[in-house]
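Both complexes below contain chain A, partnered by chain B and then by chain C.
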Partner chain A sequence: MRNPLTALDKPALFAAGSILLILAVGSLYTLSTGGGLTMLSPAYLSQQLQIAAFLGLIAGGLMMVILLGHIDLSIPWTLTAAAMMATSVGGPAAVPVALAVGLAVGVVNGLGVAWLRVPSMIFTLGVNTVLQGLMVLHTGGHAPQSRSTGLMEFLATGHVLGLPMAALVWAAVSGLLVVLLTRTAMGRAVYAIGNRESAAYLSGIPTNRVIVGCFAICGACAALAGCLLAGYSTKAYQGMGNAYLLPGIAAVVIGGTHVLGGRGTYTGTVLGTILIVVLQSVLSVMQMPDAGRQIIYGLVIIAMLFAYGRDTGRAG
Partner chain B sequence: MTDATAPLLELRDVSKSYGGVHALRNVDFAGRAGSIHAVLGENGAGKSTLMKIVSGVIRPDTGEMRLDGRPVAFASPREAVAAGVVCVFQELSLVPDLSVADNICITDPPRRFGLIDRRAQRRVAAALLDRVGCPGLDPRTRVKDLPLAQRQLVEIAKALGRNPRVLVVDEGASALSGAELARVFAVLREVRDGGALVIYISHRMNEIRELADRCSVFRNGRHVETFDAHTRGHDDIIRMMIGREMTGVFPAKPAAPRDYPPAIRVDHLSWDDRLRDIGFTIGKGEIVGLGGLDGQGQRELLLALFGVLRGVEGTVAIDGRPRRIDGPAAAKAPDIAMALIPEDRKTEGLVLAMSVADNIALSSLGGHGGGILIDRARLESDVESMVRSLQIKVGDVNRAVATLSGGNQQKVVLAKWLMTKPRILLLNDPTRGIDVGTKQEIYALLRRLADEGVAILLFSTDLAELIGCCDRVLVLYRGGIARELAGDDITEMNILGSAFDVALTGSPGPARAAGAEVRP
Partner chain C sequence: MTRGLRAALSRNLGLLLAVGLFAALYGLYSAQHPRGGSAALLVQNSNESFALILAAMAQTVPVLTGGLDLSVGPLMTLVNCLASRVLSGGPVELAFGILACLAAGTLGGLVNGCLVVYGRMQPIIATLATGAVYIGIALFLRPTPGGAVNADLSAMLTYDLAETAAVLGVFDGGQAAWFQPFAPIPVPLLLVLAVLLFVWVPFRGTEMGRGCYAVGSSEGSAYLSGIDVDRSRLAAYTLAGLFAAMAGLYLALQTGTGNADAPQAGAYTLNSIAAVVIGGTSLFGGSGGVVGSLFGALVLRSISFNFRVFDEASWLGALADPLLQPLFEGMVLLIAVSLGAARALRIRNRLQLFG
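Presenting the complex of A and B:
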């Protein structure tokens, strides 16, 4: 049986190589400016891992949806809504409330895509806007509690055995997703649907249930990322998720998941996430002006997709 | 019309093959100006391929085509139209979201100051619609709002607007009947009397009898004979279409018809206007064939039974209990245990990019022990034993299924469904495009499954297969069962006769076919 975890495919190798290259370029820069090898210090790497965890959670959930050949554009406000609801409830219920919000939004997305057959790009964009409106209403009349709970802060910034807690959360979720994708009937169904939904349906796979399930997972992952982000900055605020949609999609696709679904490995998504985080960090260390940073960032994504677009771009 | 008249359209020694399958082999064809020329043959005889060559849709591998005695080679339908060769195809070429007038004038609209003159366009369209017998139709109506019969009339009007010298009507009047059909026939005769050649393809024998001056019969990609209409009877023509090439590729049938306990019973099944009041039973261990010409509702019937179609009326009883099957997932559940080998193995039967093993496991995931997690070792051994028992020729089951030959791909589809241990097996033309050796294996497999008690419903476009494999054959015509044949009555003459909806001499007339000509 094919095992998407251990089989490092070409895009994953490419991403891994690019990460090393970026770190090397960054180190050369720090050496030349007399800063030493700060990029290879455990403190720096551990900090990068912590930041990567936020994006990694989002990318992991998104990957489930992209593997189906769909997309979830409601990530920014799913994340924000989950975090804001969590902080306004507060106490021990905060994280479960956030996850419930994420699951609920995901189920709504899934129902719209699977049963109403609205293209996911449109439906999730609509849901994103509705959520934005709801959150404006929520903060309109009064000022709800926006301070994150202790648990959220621990999950985001704590350390266990010298490892950042956020990275451990990411690892735990990743483990669940890998098992789901490689060892369960649902995982097989996800790949089958992404490749050829008609064949999957006619094989007796409950395709609609699988689609709803994947959107629900995607929503829950975004909600968890929202909890961590709120914990990291000690409060939930409007617009906190805005910066994560495009990097999330980019991480999945750079990791080798086919944009039209059906192919991709979880390892690739992890590497894609790390690549993006390291790239952003190196560009800021090099004190690149914001405009230049964005241009390089965008060009790198396009270049990576172009580099292996040839062998993954087969008409399926 | 004398033999001295030089042919207007002539094809010499034309061949065309698709990936090793010969669609046309060394075909000669000649049609004279001022005649209506019918082209006949059963499914896959090569009629449509021939017409696609004539109209420039595809190019022949070898051979030449002459128009007015001059060699021509059309690179596209546009060039063919420019030379006066116009086609009305079975699959309509209208753009559903444009108006009738826009469609009729789509390639060469009347212009004024470089822009389309919509008023002139409507006048042109209205005149042509008048000619085909639709004077009341507003040219501004969108094509998608028209019923199929009127769309065919618009299609014919569009063709007339191009002043054809050769007009090909490939099943282009299949939805018409009664007064509409009579009007179209009158128009076609007008076109003929104007000195054009009309090539008419239809599966309805009575139309051909009424309309044609000359007939050409095709079989298996070869031209059999061309003759003046009215010189041959129906029986002769059907015999020409069948030919004679039956060999011992089929396993022996049970000696005498047995009493099979019913596995599935269908009553009053209707869907849209494509399936009409269908009722039958299939016994445990019985192979029932679905026959008839292409597109008489056979595929829809299989999909309806499998729960894929919405809005199906009627009842389906499994093992005597009425069941509602609302999709493939419900159909494959153990209490129904139905399986469908779909029409197109590349898009419906297989996930081509996934491995052979993944494809074989696709329908039975979760059925290999364990709880949530797949028991990999057990799944692997199940797949291996299936590969062995169906003799699927594959080196490594982890290779993409796309790399296998057509026959082996179809075996993977069968293996996928046999893993679910079906009690009712529906097959949609399972041997299409498969080599003879694999066909033989599949026939033997079907008989073996039947002997184990599986109820089998086999749709095939291959007559020999229905005759060789089936214990009974249901012949469909326009969405209804035209005739049911059993035992020694399953012959080419009887199947084709009921398929073409004509009563042949010496056989009892089809009981329900008379009503089938009536439009909904």
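Presenting the complex of A and C:
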């Protein structure tokens, strides 16, 4: 089995090339408008790394689920619910509460997908709606505390040794996920299930438990991203997660993870995340409205599906 | 009971359940509503249900082939925004506007179909991506909610026949004596019948329409029996686009504005899937139909209607809390969709779980 940490396959190289291309185009643009080479300054790059951390956490968790051949569409409201519960509890318990909410949602998703065998796309979409209803109920009667705690703000905007804290959190989570994917039985099981679940089951892998585990990880990652996002904007609010689902899927798919599962490298996902964030940044420098970004995400996903994600035999 | 009748019954069990459920829920609502059963209420309710009915019809066709279309809501929204730009002016402009809206939706459906058939992509992920594109285009057309839709056209198609006659100035402006028995009929009701009779029934009879069922039942067998699998699939997504366009058009007539509302688009997509499932169409394809989805959509709408009339003092009073409504609707959707799609409930051999 290839080492997902070091392997640079075709999609990853493509993503890396695209990042350089986007930075080059962006720099040409800023040069032409008299802004100098702001895109290559350390301050700008460090800021991009901080913003990339939010998306990176989501994409990392999502990748675990996509590697299985499933998907989690409940991310927007998992993230929002976790952040809202964290801020309304407040104090030192805030971040653990958020993680618990994320894990719980992930386990529910996993149970529905693994034991009930409802297609993940449909089940998680339903869970997303239920979470939305719960949050309407939560914020409806009274106005719960929505100010983020000091720890959340430090995690999102603090700096340690000149590095943005958010990026360090992302690096730590990435390290855990890479170890999980490359060094543990569960990691192998994830790839095996993504390739052919019945074969994995017949070779004695407890496939249902692995599926629940992956959804739980995905929920927890989304919850952590919710904490950071709430810290970044100093409050939790409805709809804060809406802008992260499509870019998250795009980041994973651009990174070369096969949409039907079984193939994909973590390096690819990191590069995919950076690609999306740099693209977002260049588009906003060029003052592209939200509409244009939506179209570009959609087209990028379709283009990547054309290149790597087609239904052409899974053994490859 | 003859064997043929029994077979027909078991084939349409889902549809019959949906019809029964709708009758019960709507009966409960009418009994509790102070103006229950009145023509005005019927017009209002059919008005509120029609867009979802069309969205559910749109979802049904790809589902019959064993696929899924997550871009139904976004495509509706796109056509809604387009309609708010083009539905104004004289009769000729209006006619062209309607045609443009229907054509745009059909084109969107065709693009979905091409990606699935010729791009060989997973329908779910492909339509998720095109959905993002359609929402983006909708946002370009209507960055902020607004726009205007011709008020006469809107009045003509979203009230009852009396209003239609008054707008058109026929039958003495709807006052003719012989016309009175027909006057209170809601126009959306007639539109549903027209769509069924002039779009769905002819389509189902064609080679492509029967092909959709065959592809959904077993793609391999359909291919081996000489059915043009690609063309059936393409037709299914294109027809879904046409239905979604009608839904968006009606939404524009009903609200009088265009609104590129992504959460609303998502809600329509999810509701359309739930309506399809409640209506007895299998999410694995091959069985069911548009009529079931029609009643599935009506069941979903009746549930929300009931929330408006629950007596706070009765044993259901707790449900009258408007804050609970989104949660309760979400639960109904999740449960309906899960029951319809849970493969664990329908397999004989554990290995089949993995499909």
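Operating definition for what follows: the second predicted complex is superposed on the first by the 288 of 316 C-alpha atoms of A that agree within 3 Å, B and C clash if a C-alpha of one lies under 4 Å from a C-alpha of the other, contacts with A are read in each partner's own complex, and residues count from 1 in each chain.
Basically, a contact is a pair of C-beta atoms (placed from the backbone, for glycine too) under 8 Å apart; a residue touches a chain by one contact, two chains touch by 3 or more.
Remember, it's a predicted structure, so these values are computed and weren't measured experimentally.
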Touched partner set for A:205, first chain B, second chain C, both or neither: first
Chain B versus chain C as contact partner of A:13, first or second or both or neither: neither
Which of chain B and chain C A:191 touches, first, second, both or neither: first
Partner chain(s) touched by A:104 [first = chain B, second = chain C, both, neither]: neither
Partner touching more residues of chain A, whether chain B or chain C: C
Which of chain B and chain C A:307 touches, first, second, both or neither: neither
Touching partner for A:115 - first (chain B), second (chain C), both, neither: second
Those residues of chain A which chain B touches in one complex and chain C touches in the other: 196, 198, 201-202
Residue numbers on chain A that touch chain C, as the complex places them: 71, 112, 115-119, 121-123, 125-127, 129-134, 136-137, 140-141, 196-198, 201-202, 207, 239, 242, 246, 249, 259-260, 289-299, 301-302, 305-306, 309-312
Complex interface listing, chain A residues touching chain B: 1-2, 179, 183-185, 188-189, 191-192, 195-196, 198-206, 262-263, 316
Contact footprint of chain A on chain B as seen in their complex: 306, 308, 327-329, 331-332, 340, 342, 347-355, 357-358, 361-363, 365-366, 372-374, 376, 379-380, 398, 416, 420
Sites on chain C touched by chain A in the complex: 68, 70, 115, 119-122, 124-126, 128-140, 143, 260, 262-263, 266-267, 269-270, 273, 283, 323-331, 333-334, 337-338, 341-345, 351, 353-354
